[in-house]
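Shared between the two complexes below is chain A, which pairs with chain B and chain C, respectively.
Up next, the complex of A and B:
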């Protein structure tokens, strides 16, 4: 069925859009920028900031683009002197009571108010008398701090709580220039989507406890990736300072999977890649039984030697669903295809409830690639059902176990208990980014892995959509590798030995 | 144009037991309703259209036209709301009307409900009208008992239920979509338009909001015809209108006169003229949000929509405030701005920050804490507040401020210079 369309013009350029499209949406699609604060593509229209004023030919008053449906032949102008003057004044009104504390505000550098000031403002304040003072530094949620003085009352956060989380946790209280955003008395925000409020806040009213005061945003680099926190596979941008190998935050990137949002659990998936938490070097055990840290090459050759000695029937693989399809393919091609290993077990969290779903984004399967792993297992003729394989592994009598440890350790409450179980087996090689493995004295061997933001590849999400990890930061440690790289080295060493 | 002084809306004023249903019935009360039930819905709307009745709440929008915006064949409930939340400073005509003739309002509502296909109506009365609230509720009870409200009214097959509701005293709840928000139990703030209430109003259903006085005119129009209604007033402003006049006058109060009535005659005959020894300094012709007029501008003034518009002000709700020569324009302007800054709901930025900013400047002027350019800044800021917001409160603040600055800037500047 063909959709009805409307042809109209913006700045005398003809545009055809589906009927019902607003001028704001049409402009956005056609790269015409109409400044705005309260409009957000993921939220209902509020029409309160009155910033997106445009001139429509033949109409006496200017109109807001966000609530203006394009009609045939409509002529919209976004850059006439009258419109620009309106924008300048709209900015001035927004700044009348704003504290202008940019130098100490976390939003500086990604603040629309600041951006517009540089674009259309740059004037001196006309205020001769004190501004309206409002409450500051309010610990309004588990991860949120609210500054109601910086707030421009755009209502985005209120609409988010109404329409997305459906908690109605926020409201605007009082009236006129005394109006403040806040929660109801003695209530705080506790849900799993809080930090979206920080993202959608166009100014520095909402800041994240996790991120505030840690880093100026202009020092950060961001790369698109996919959240590994659950099987939804939200598109994200990971923010890091690669020169000091530090990660700072994860933010959602718009996609058809997650819309504009992501959950707070997913936001935590950067910490394990930082120096203090990750396994930066390999672990090897000498002939004297002492464990030492090692470079990657040494750890790889120790493992290669073990593989050469071992009977294929004594080798077992323990695989978690937190690696990319490309890694599984390389891993199984080598161990199953080439070496003929038959004992393959899945590493699952025993307490997981994979069928649960919060109705927004977060799923009970806390692995980004359960589907990808199942596909890879099937492809290599192995049983692919989701099953925690720890007991089977113990019974299998394997003497050499190679384990792809779950990357996101906090999603595996039993992780340390499970690693302890592995300590009882004869020789276990853990491939992991998790720094805590070193404290497990029985673990004789480990290879340090790259984090998800440091590799390219794909996950397959719960509904079978391929999610691409499109860009990679340099590895957070010199010895970190992804599975493809480790397998390549092992394969190389083994082929020379034959 | 006639200068007769008919009593239509205030027919029952001063009549013994005039508020009672019995009295109302004795003077052809609810006859218009019977007549309406014998007409088609379209004919009722057309009769009101032909009468040229304009909304008496302030904006003066043609009532029949407003009714015709309600989608006719849309299934599901529709609503009629009587806006009795009279809160424009200086206005007290609806208070008087609903006290004198509550049944005239109720009859008007049933007819309007019938015409637009609404089976449920609300009267939304200003909280402070405690005495009138009781009177309106008593009248609703009487009407229910007489079978004039409820199911199958007068055997017509038409059902109409009427409830009474009071706000919490906010000026903004007199704005029709602010009123609807309040009635819905939400914070009283205006809604973004489009969609307009006639399509999506109360509970997102088609809703008509009419002023009390507007609805009270309906029985007269239906019973006696549009032509009879047009006997008074002018071509574009037909009918009679209530004016509430206040100030240092011989007889301040509420008066009914035909639209187009001479201002000078109204001042001197109805309102009893200025008190001895006083002279006119300024006139606020339509509530605090109307730009004020100088005595010279008042010389040939007539009380109708067109004349007011020609003089750059508005008839508004018919709230006339007479400012005599003793009054300080600084104090008057300070009070006016303070009112709007207090009553702005705060959702649109130009209004929220603009009214507050004006108040801030005005306090500075009053206390002589700011420079002489502040008077001009009042005008500059006001100019940017007009026509930019969801509702008209921003304009309602900006328009009078600009008129004060234009017409009394010398007095404002002289006040600052004294410091």
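Up next, the complex of A and C:
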């Protein structure tokens, strides 16, 4: 049974779409942009902003494109002077009571009101009466600040709360120009998806406490990446200022894995890459037992010398599932394939509950590449079932341990305790981005790693989908390397010494 | 090939006639110089030359010299840390760190506001970009200093240095919130929009 289709035209261009498609969706698929505030592809249609007006041939009035189903032979026009004029005056209505506090508004630079004013507005205000004043800067959620004056009552947040998180915490109260969006009395927003409200808000009514006042958005560069916070592997955009090596926020990018959303835990996965939290240099211990920070080359040659001295049976690998498939392959090809190391253990969080799922996106397995690690272990003939290997490591009697430390430290509540356990071993080399390892006095050797936004590679998510990491930003430290690069250096040093 | 003659060759025979104009002009000029020198040395006329730096020289308020930050009428710094000056600055010499103000009336303010005066080109774009008249270039022009000098002007220096005599208050109408507007960011009351909160 083939799907019924409808053929109609937008700006005199013939378009065929499945029956039931709205003009807005058809236009979006065909790269015709219709300005809008309240319509969002991930939310039900509300039709409240009255901004996506289009002209339909033969109909006396403008119609809203978001709630207008395409019918055969319909002729839609989106760019006639009449349509532009309608947008202009619709915008003036939206701005009647808008406070215009763009200088202190975090949305400035990515604000629909600003964009459309420059695109279709550019009128002079005709309002003589003072603006209606409403409550400002209300902390209505753990990460949310609400400014009801800036709100244009597009209703997106209310629909998000109803349909996506099903918490229904927000509503629109009062009527007319006194209408405000807000929470019910004594209620605040606490769930794990609240920063999505900041993303979908087309104006600056919702701002994120985490990002609030940190940076103006026009200074930031965004690059696509994959969230390493859990095994769902949401597509994200990482926002950074590469010239000062700082990361500022993570936002969802539309994909078939995560739709339009991501959780608040995933949004924190930029902090560990910032200068104050990351391990910027290697750690080496001299013959006198004195630990110093070192450049990468020195740290690598110290490790290579240790590997040359060590007996293969004394070497053990401790691998966390937070690195890319390419890194695992390079790592195991060298250590297992070339050096013949047999003792390989997994680094996992003892308190984790892998099978839990919150019903939207966030999964109990807080590692992005559990499947990729299992595949790589299988490929190299090693046991691949998920198991915390710390006890086995202690029993194995290994004298030289190389550990790929979890990148997202806050997802491992026992991380510091686990590193303390490793301090008891005779020589352990931590490959990590986590800056706190320096405070563990027993850690004799460390190699600084790149963050997930700084390397190329792939994760395999919980359902086996390959999630591709782009090499988004230059490394935040000159000494940071990914595992592939470290292994290449080690193998070169070792091949020269043989 | 032809040669285009643009001037007649000088008439060597009549040198005095040719140089006559020069002698007249130079001697009348030197007469002026010496007569003023005489008048000033005998104190008949006041000299326009300043003995700077012992004698101060002032420029008009419109001169684009050393920057200063203006204040609100209550003495708070006027800047809202919107970063527009830093965006407009072609020398990238303005560094701002924004923060939440402890009072609700002012939401955003600069925790740090620094101008690297060595990079500044005194173009005045910051002054033009500012939406709240918070930064201006003033008539101070003495900025020379040695290697030990502080070349990064901090917020306190820009707003409160002794030359500003307690700070300059901007006369522009303030963009603070009306007293009826509720803000809760630092309060205990976390209710957002239930009816008693609305005052009209």
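Following the convention adopted for this analysis, the second predicted complex is superposed on the first by the 496 of 498 C-alpha atoms of A that agree within 3 Å, B and C clash if a C-alpha of one lies under 4 Å from a C-alpha of the other, contacts with A are read in each partner's own complex, and residues count from 1 in each chain.
The rule is simple: a residue touches a chain if its C-beta (ideal position, glycine included) is under 8 Å from a C-beta of that chain, and two chains touch if they have at least 3 such contacts.
The shown structure was predicted, so the numbers you read here are calculated from the model rather than taken from an experiment.
Per the definitions stated earlier, placing chain B and chain C onto a shared chain A by superposition produces no clash, and the two fit side by side.
Shared-chain residue A:138: touches chain C; no touch with chain B. Of the two partner chains, chain B is the only one touched by A:48; chain C is not. Residue contacts after overlaying the shared chain place A:367 against neither chain B nor chain C.
Using the contact criterion defined above for the overlaid structures, shared-chain residue A:101 touches chain C, although it does not reach chain B. When the two complexes are overlaid on their common chain A, residue A:346 makes contact with neither chain B nor chain C. In the superposition on chain A, contact of A:194 is made with neither chain B nor chain C. The superposition places the C-alpha centres of chain B and chain C at an angle of 90 degrees about the C-alpha centre of chain A, rounded in steps of 10. When both complexes are overlaid on chain A, the residue A:213 reaches chain C alone and has no touch with chain B. Looking at the shared chain after the overlay, A:174 reaches both chain B and chain C. The minimum CA-CA separation between chain B and chain C in the overlaid arrangement is 13 Å, rounded to the whole angstrom.
Common to the chain B and chain C contact sets on chain A are residues 132, 174, 178.
Of all residues in chain C, those touching chain A in their complex are 80-84, 87, 98-100, 104, 107-108, 131-132, 175, 177-178, 180-185, 190-195, 197-198, 200.
On the side of chain B, the complex with chain A involves touching residues 170, 172, 187, 192, 194, 341-350, 352-357, 360-361, 363-364, 369-371, 374, 377, 384, 387-390.
Taken in their complex, chain A has these residues touching chain C: 101-104, 108, 132-140, 145-146, 148-149, 173-174, 178, 180-186, 188, 212-214, 216, 218-219. Contact residues of chain A toward chain B in the complex are 45-51, 53, 60-62, 67, 86, 89-90, 92-94, 96-97, 126-129, 132, 152-153, 155, 171-172, 174-179.
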